[in-house]
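Report on the following structure.
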Amino acid sequence: MLDKIGIAKRIAQELQDGWYVNLGIGIPTLIANYVPPEINVEFQSENGILGMGPFPYAGEEDADLINAGKQTITSLPGASIFDSDTSFAMIRGQHIQLTVLGAMEVSDRGDIANWKIPGRMVKGMGGAMDLVASADNIIVAMMHTNKRGQSKLLKQCNLPLTGVRCVKRVVTNLAVLDIGPGGFHLRERAPGVSVEDIQAATEGRLIIEGDIPEIRTA
Amino acid sequence: MLDKIGIAKRIAQELQDGWYVNLGIGIPTLIANYVPPEINVEFQSENGILGMGPFPYAGEEDADLINAGKQTITSLPGASIFDSDTSFAMIRGQHIQLTVLGAMEVSDRGDIANWKIPGRMVKGMGGAMDLVASADNIIVAMMHTNKRGQSKLLKQCNLPLTGVRCVKRVVTNLAVLDIGPGGFHLRERAPGVSVEDIQAATEGRLIIEGDIPEIRTA
Amino acid sequence: MNKVVSGAAEAIRGVESGMTLMLGGFGLCGIPENCIAALVNANVNDLTCISNNAGVDDFGLGLLLQKRQIKKMISSYVGENDEFERQMLSGELEVDLIPQGSLAARCRAGGSGIPAFYTPAGYGTEVAEGKEVRYFNGKPHLLEHALTADFAIVKAWKGDPYGNLVYKGTARNFNPLMAMAGKITIAEVEELVAPGELDPNTIHTPGIFVQRIFQGPQYEKRIEQRTTRQRES
Amino acid sequence: MNKVVSGAAEAIRGVESGMTLMLGGFGLCGIPENCIAALVNANVNDLTCISNNAGVDDFGLGLLLQKRQIKKMISSYVGENDEFERQMLSGELEVDLIPQGSLAARCRAGGSGIPAFYTPAGYGTEVAEGKEVRYFNGKPHLLEHALTADFAIVKAWKGDPYGNLVYKGTARNFNPLMAMAGKITIAEVEELVAPGELDPNTIHTPGIFVQRIFQGPQYEKRIEQRTTRQRES
């Protein structure tokens, strides 16, 4: 089984040299720490910066330099700053090669729900709907089941949707799955996790073809 | 009768302090020379500058600083530079208080034709269609008749239109006319020009009410 | 062109109860602190506020919420605010949630004379309810309409008497877009400089979009999430 | 991120006959001189060129017209060019004339994932033929669609290896909009500087929109209308 860092490390393997990447809040944020050293990627934050660097040293925080999670950040050489409309022009215009975000539910046709739970305080979708409606390459990073042990990989989302037929790949603590014809195609399983474990934790249609290798994150 | 400079001087009287103004090519360009000294106006050129100044001194021309007529210009303190889309955002978004342009024909309901003569080389509308479709306050500066002596103030335009029902006022070598209910409302006549002269040179519906004062440009 | 006013109180003159305001900022970054303080002191309420976020309990738009001056919020994300939650759940406050990119584009459209446009964001979700769906290149899109405001209130780093503005870092965010969309746009700046001091090439908001400008006497610039790293020794 | 290529010849690699190109510039101001020269030397024709203007007879896009490499021009204004006129009147050259503001907005939309929008420009004219008319606030508007290109070719003042660009003066014009709308965007610059030399706050085109960049060996920057005034003595 992978922990959150393991999920982040596995997704970091998807990164390719020269890519522009938008990382959502939560597990996705961790991915920035595991970029393979031989490649260059640039991180976009939808509040208006490309070329985000690490957090500042204590005492060097700049209130005018934050990320979409409102955290103080730094910028790297080659960074650029822009307004919110230009930022979403990058997103809607498909200039970003990879978007990684968390989810509460994903359906086996690629629908995603991650912004609203009826009856609870609704905080809003922020940029999530723009991201999922536009991106070509969306990976969801999440736990395979919720806190009550219920599958988050479903035949159909129960929660209000963020976007439809958009998720391409899901990386969870148990598995790597692609969304394709017929449902979730199991690609890799986490160390110590059996195909049966994954089947049991997946409510949506699961397609298992051939040998399913173990995820390597070393 | 006014000459081109007289027309420019008369239109310059319309300027109000704090206005942003877009001047077309030809007679309208001359207006910049006759801004009343007690007011400040800023001139916008749709290729991307606000705060255009006079032509540069010989030897100081900058190929990277031109107006919409492709003439070398200078910029004044307070000037700003922007891209073509932002420029037309100013125009379409009605942030410009006055647009002055030339015309080949104007109809008595405010239609304007100034971009195309069938059978002749068509150069294009440039920014004219955006300007006339958007501006609240459009003054046409032109000769009352064409080179063959035919009226340019018509019941209906014969040439392909640039815009419909948009011109508010016309200033010619003979008269100042507002476009309102029923047609051209004669407001002022050029020195030495009679109401009858204007009537004879106007093919469109002309409304003459009360005394028509003489244009003063001193 | 001299658009300089004496301060926030003069700048917000004409803001009346029931009006629609746009306020720049992302979280607490780049918000017009001085104008918000002036609005708290002004006798205006039933405001519709278009702002990406709603501040925190005791700063930003949270201050207007505390005094119940806001009738409706149009935002993309409104977490981090208990009073907001209370008013929303009790029905005192209307909330219209809009995808962030659509919000930004709708403000810019409002200032640009583009009454409506199509975007893929929100198709197939609650956001699509009542909206026209249209396919382009085989992909569904929603028709979204422009937003404008009686007053747009923005905050910049530097500005000049012509209203030209330069923003700093990610404090730019929605400010230049909203500046375009106000019937009257108020800019408060950290530093008001003389005409000609700003390089025309580097101006983010041309002065034509701004009607009133002043230098704020001070800026708290509160940080919402202070995150730092350890210095390697 | 290193997007630097050796020069114009390498930059235009992949441009093929029949493709659609966007080329920045207004008149001869801010045109990608070096890439145009490389295209003249390349064996490509039947090009569709989206450019506000079409150059003059012996400079700018006029050079491609002379060699009959252009099948179709999409522009707002195409005066100042005798060869253009000859080819157009003889039917060798297709010309699609578009209001300048609509052209600019359509390029930006193409790069922004906005497939279409409404604008008042052109209503009631030839430009409206075949276009959807829709009323907003009682005023008629036309539906206009986004433009994109196989290659967008732009010219900037300074750039860095990340593709970040800064323009100078009114040489900015259509360049930043077209940079957004190219499947591949080529930027030629007067000065290529090291990463970090450009202030992130003053970048006009973020590097994400640019795939290839090089420093042009020289720029003629021809002036179309040299207008001057007399020095008062």
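The first chain written gets the first letter, and so on, giving A, B, C and D; residue counts start at 1 in each chain.
The definition used in the following text is that a contact is a pair of C-beta atoms (placed from the backbone, for glycine too) under 8 Å apart; a residue touches a chain by one contact, two chains touch by 3 or more.
Computed from a predicted model, the values in this text were never measured in an experiment.
A.B. asks: Touching subunit B and subunit D alike: which chains?
C.D. replies: C
A.B. asks: Which chain is most remote from subunit D in terms of Cα centres?
C.D. replies: A
A.B. asks: Please work out the Cα centroid separation of subunit A and subunit D, and write it as a whole number of Å.
C.D. replies: 36
A.B. asks: Counting in whole Å, what is the centre-to-centre distance of subunit C and subunit D, each centre being its mean C-alpha position?
C.D. replies: Using C-alpha averages as centres, the distance is 33 Å.
A.B. asks: Nearest whole angstrom, what separates the Cα centre of subunit A from the Cα centre of subunit B?
C.D. replies: Computed from C-alpha means, the inter-chain centre distance equals 55 Å.
A.B. asks: Multi-chain contacts in subunit D: which residues touch at least two other chains?
C.D. replies: 105, 108, 112-114, 119-120, 168-169, 172, 200-201
A.B. asks: Which parts of subunit A, given as residue numbers and ranges, touch two or more other chains?
C.D. replies: Those would be 49, 75, 81-82, 88, 91-92, 134.
A.B. asks: If each chain is a node and each touching pair an edge, is that a line, ring, star, complete or other?
C.D. replies: Topology of touching chains reads as other, fitting no named class.
A.B. asks: Among all the chains shown, which pairs meet the touch rule set out at the top?
C.D. replies: Chain pairs that touch: A-C, A-D, B-C, B-D, C-D.
A.B. asks: Mind listing the subunit D positions that touch subunit C in their complex?
C.D. replies: Touching subunit C from subunit D are residues 105, 109, 112-120, 134, 136-137, 139, 141, 145, 166-169, 172, 200-202.
A.B. asks: Would you mind writing out the residues of subunit B in touch with subunit C in their complex?
C.D. replies: On the subunit B side, the touching residues are 18, 20, 40, 42, 44, 49-51, 75, 77-82, 86, 88-96, 134.
A.B. asks: Can you list the residues on subunit D that touch subunit A in the complex?
C.D. replies: Going by the criterion above, the answer is residues 1-2, 108, 110-114, 160-162, 164, 180, 194-196, 200-201, 203, 206-209.
A.B. asks: Okay, in this complex, where on subunit C does subunit A touch?
C.D. replies: Within the complex, subunit C contacts subunit A at residues 26-30, 52, 75-80, 85, 88-89, 95, 97, 99-105, 107-108, 119-127, 157, 168-177, 204, 221-231.
A.B. asks: Across the complex, what residues on subunit B touch subunit D?
C.D. replies: 45-49, 54-73, 81-85, 87-88, 91-92, 111, 116, 121-130, 133-134, 160-165
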